[in-house]
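Each of the next two complexes has subunit A plus one other chain: subunit B in the first, subunit C in the second.
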Partner chain A sequence: MRREVPLVLTAIVGLTMIISHFIPPLNMLKDLFEDWFFIIAAFAIYLGILNLIRINADKVYKKRSDWPFGVVVILGFLLITIPGLFFSGGRSFSDLGTPFYYLYDHVYYPLSATMFALLAFFVASASYRAFRARNVEATMLLVAAFILMLGRVPIGDMITAWLPEGYRMGNAADWIMDFPQTAGQRAIMIGIALGVVSSALRVILGLERAMGGE
Partner chain B sequence: MDQGHQEEEKSFWEKLLSIDRRIIFLFITVAVAVPLFFRLSLHIAVTPVAEGVYQAVQSLPAGSKVLVSFDYDPGSMPELQPMAEAFFRQAFRNDLKVIIMGLWPQGPLQANMALEEVFKDKDIAAKNLKYGVDYVNLGYTAGNEVVIDRMGHSFEESYPKDAYGTPIGEIPLMRGVRNYDNIDLIFNLSAGYPGTQEWVQYGVDVFHVKLAAGNTAVQAPSMYPYVQTGQLSGVLGGMKGGAEYETLLGIPGRAVRYMFSQAVSHAVICLFIIIGNLAYFSLRRRRKSQMEVQG
Partner chain C sequence: MAISALIILILAASPLAAQEPPTTEGVALEPQGPPPAPPTNVVAKDNPNDKGGIINITWERSADDGVGANDVTGYEILKSKEKDGVYEYIGGAAPGATFFSDSNVRNKVNYFYKVRAVSPFGSSESLPSVAASSRVQWFNFSRLTLFLLSAIIALAIFYFISKAKGGRQLYIRRIAGLEAVDDAVGRATEMGRKIFFIPGIMDMDSMQTIAGVTILGRVARLAAEYEAKLEVPVSRSLVMVTCREVVKEAYLNAGRPDAYNDNMVYYLTDDQFGYAAALDGLFLRERPAAVFLQGQFYAESLILAETANSVGSIQIAGTAMPSQLPFFVAACDYTLIGEELFAASAYLSKDPKLLGSLKGQDLGKFIFLLVILVGVLFITLNSLVGLNLPNLAKIF
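Moving on to the complex of A and B:
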């Protein structure tokens, strides 16, 4: 039963969502299933929080490897949750000037932006080591990347200012984006869509074993 | 060239190829940081995809309702926040009514930050915009693309209350807004999932809403097919997209200012790629000639 019930539920919900698109009266059922989804999605957030606390508290309690990071996670969680829940005016917690907003603006934002900004350094280092014109395909990729990197910023047009307008590096970058890139993206999107249809059918028909936790 | 000199030159290329990455990091730090101290007015070429966003907003008559979905977090702020600010500026200058929502929990906070910046604009401050009348923040709702789908039938079912707990039926701006039929344009700022792709699949394809988007530079290329097919009115890609939008508005902001930094860092990366390839080919040629000598 532990395997069959989820499979039957998945099949019913999946088929209803597809069929309701073609048979409008079934929208009532679709709406009902969507309500369920909203409730599950909201609870999933609480479940995620509890899981985060449980795993890190366990790590700290048993002094597993890197347990001090667990302390940082729990303290960080409490540091932002308590001011948000109790000292930031309830529903107005996200307003300017509240303690929660202060922490968001002065702690979370700089930390998050820093993590993302590190990409620039790794991209530069990886480009230096990996972008090699080893063969025709790699050379094409290299040339396209080169044109895009310079053409998407004003410097590209500046160094090709001697060329007639319409033939500068910015125009070349636009052409790459509009034609070869778009054609490639479309092919990838069609491929992904076919893959999604096939996996969705496998899930609905109960052929996808990973869905049953196997 | 004697053997010793050749050995020395070979070791130079090899050293160059195995350069410590911290040296590359140092160059990038300088390339990104130093230009931020200069205020150069660079020429920003506007692409048709960016102009599509501007025209989509500009073509709306005063009083039109636009829905803005903030689907990003602070990690993508340098790219998307200038777009958000420029969008608010254009919308408020044209007397559009703005409904804010978020499919990412941090989204509505990002909207508040953008509003704070935009309200410093004297022209906009003079309009004395009122919350609930000229703009409203519906907050975040969990559910990803299902939220988009459900809003096509009823906004109230996805967002019964705004971010401050006021039932949306009591908000003047939301009166008469039942679903997408009552929205003139949707503008989506997206850094991933759920984002523009889901808005196209569930909003545009099913409910035929008019959609424009601002994306991170990584995500923007995958939106070009949607622009070509007309599913998207236009797309702003990365900081360059933000700079184009600011240029179109005639209000150069942070994106235009940061373009110099981005231009220099791109140039430095290109320079490293050239040096890397020179070293690679030089070494390859040398190894080939050594193999020929050895027979």
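Moving on to the complex of A and C:
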């Protein structure tokens, strides 16, 4: 029973979601199941929080390696949770001027932006490795990237101004984006769509062992 | 000419010109002029392919819409249950609009609609529409092609699964990224370092997360067999619960339930960049031998892949996010591209039933290829030879 009940539930919900895509009156069931998912996920967040606190408290208590990071996690959690719950002065925690909003605006937001900004450096280092002309494919990638990067800035058109209109760097970059890139991306998208159908059927039919199947 | 212009300028600048408009008994006079021409050809129809409850109203714009001083400032939509009854205002539309959707109707009840054009000089109503009622549609015909294609692909998958069950050998092409899973786990065992499995940043309602978790089952089983150390830091609570079950069962199936503990799978944060920062820290401190990035990723993909690369981890990534695939290809040792992510569990398990589903998927790909080729052929013939096959070309 422990195995069968989840499989039957998965099959019922999965089939309902598929059928409701084609039968409009069943849309309400689809909406209902989606609401249930969000409710369960909302409850489950407490499991995550408890796990986070328990693991880090245990690490600090037992002075395991890197235990100071555990202290930072717990303090960070309390620092953002307590003002949000108790020091909003009767206003919503996300209102302008509340301590929570202050922390969001002056701590969380800059930290997130910093992480995101790191991407620029990682793009540079990854591109450097990817664009080394080790074989035919990598050389093609290098040439395409070279044209594309130059074609996206004014100097690309400037240095190819002697060519007829339509054959300059900007046009070549547009051509790469419009044809080879779009064709490749669409091929991947078709494969993904078929993969999703096949994978979903395996889960619904209870064939996926990792998802409770036989 | 110059004199008349001068007179106009003087008049415009005179105190008389700056006065308020003339009033009668203190009330400002309305601008005078004929009302705008009414909208015409008002048509009300049931919204197609839905569960009812919506009627769409279309009309032809007033002749004064967008013209001169009597320019229409908007349209008012009026509704009544009787043709000659009292019409109630139900909503407005901007000038130039020719469409309104009434979502406050009961199924199988007849309604009549009028559209009123409004301008600064007044308003004028159209003739009423013919009666319209909304109805439940039991099939969404706008999705018929999708339904047929899905049905064909699903039938093909069922067919090949049944064939595989019957013992037929199916050829599946070699996927380098999946062949490397054993090597990656073995490497971690030899080096005595950890394996990190990252199942993406989305929840269990994402098919990519589910695909990632199925791969985790295989990796966990190998880790249990090789006695390698596995860690699964996750960004969603439901994913944590599911991954725990999967890892636990994998260790049980490998005959090593003693090696499993709940702390192998732990929650970090739901926040995208908070999660990326925590993982970067883990990678740098633990220097894992192998990192699996399998699931749905966004901008954090390259941050994670490059950091793991910098500490010398072997990386096997897989995602169905086309925008993140180039990052993984550039930064990881192996990448499962799109459909390969979904094929992974079947490929790794070598279970004939699962492999049968991959074969069905291949047939689907063949059908798509055929449809694309025929579509290209029709459109090329249309443009080159002038062969008039517009409808067929449109279908494709």
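Criterion: the second predicted complex is superposed on the first by the 178 of 214 C-alpha atoms of A that agree within 3 Å, B and C clash if a C-alpha of one lies under 4 Å from a C-alpha of the other, contacts with A are read in each partner's own complex, and residues count from 1 in each chain.
In the analysis below, contacts are C-beta pairs under 8 Å (C-beta built on N, C-alpha and C of every residue); 3 or more make two chains touch, one makes a residue touch a chain.
Given the structure is predicted, the values throughout are model-derived calculations rather than measurements.
Q: Does the superposition put A:F146 against subunit B (first), subunit C (second), both, or neither?
A: first
Q: Which holds for A:V107: it touches subunit B only (first), subunit C only (second), both, or neither?
A: The answer is neither, since A:V107 touches no partner chain.
Q: In the overlaid three-chain picture, which partner chain does A:M189 touch, first (subunit B) or second (subunit C), both, or neither?
A: both
Q: Answer with first, second, both or neither: which of subunit B and subunit C does A:S125 touch in the superposed model?
A: So A:S125 meets both subunit B and subunit C here.
Q: Check whether A:L85 is in contact with subunit B, with subunit C, with both or with neither, and answer first, second, both or neither.
A: neither
Q: Figure out whether A:V203 sits in contact with subunit B (first) or subunit C (second), or with both, or with neither.
A: In the superposed model, A:V203 contacts subunit C only, not subunit B.
Q: For A:F37, decide between first (touching subunit B), second (touching subunit C), both and neither.
A: Once the two structures are laid over each other on A, A:F37 reaches both partners.
Q: So in the superposed three-chain picture, is A:S94 touching just subunit B, just subunit C, both, or none of them (first/second/both/neither)?
A: A:S94 sits against subunit B, while subunit C stays out of touch.
Q: Looking at the overlay, does A:Q181 come into contact with subunit B only (first), subunit C only (second), both, or neither?
A: So A:Q181 only meets subunit B here.
Q: Residue overlap on subunit A between the subunit B contact set and the subunit C contact set?
A: In subunit A, residues 27, 37, 41, 44-45, 112, 115-116, 123, 125, 127, 129, 185, 188-189 are touched by subunit B and also by subunit C.
Q: Contact residues on subunit A for subunit B in the complex?
A: Result: residues 27, 31, 34, 37-38, 41-42, 44-45, 90-92, 94-96, 101, 104-105, 108-109, 112-113, 115-117, 120-121, 123-125, 127-129, 131-133, 142, 145-146, 149-150, 152-155, 157-158, 170, 174, 177-178, 181-182, 185-186, 188-189 of subunit A touch subunit B.
Q: So in the complex, the part of subunit C that touches subunit A is made up of which residues?
A: By the definition above, subunit C touches subunit A via 49-51, 136-140, 143, 147, 150, 153-154, 157, 161, 203, 205, 207, 210-211, 213-218, 236-238, 240-241, 246, 249-250, 263, 266-274, 276-277, 281, 285, 299-300, 302-303, 305-307, 320, 322, 325, 327, 329-331, 337-343, 345-346, 349, 351, 353-354, 357-358, 360-361, 364-365, 368.
Q: Using the touch definition up top, name the residues of subunit B that touch subunit A in the complex.
A: Listed in rising order, the residues of subunit B that touch subunit A are 19, 21, 24-25, 27-29, 32, 42-45, 47, 73-78, 106, 108-109, 112-113, 116, 139, 141-144, 146, 149-150, 153, 157-158, 163-165, 217, 221-222, 224-225, 228, 238, 240, 259-260, 262-270, 272-273, 275-277, 280-281.
Q: Considering the complex alone, what residue numbers of subunit A touch subunit C?
A: Per the touch definition, subunit A meets subunit C at residues 18, 21-25, 27-28, 37, 40-41, 44-49, 51-52, 55, 66, 69, 111-112, 115-116, 118-119, 122-123, 125-127, 129-130, 185, 188-192, 194-203, 205, 207-211.
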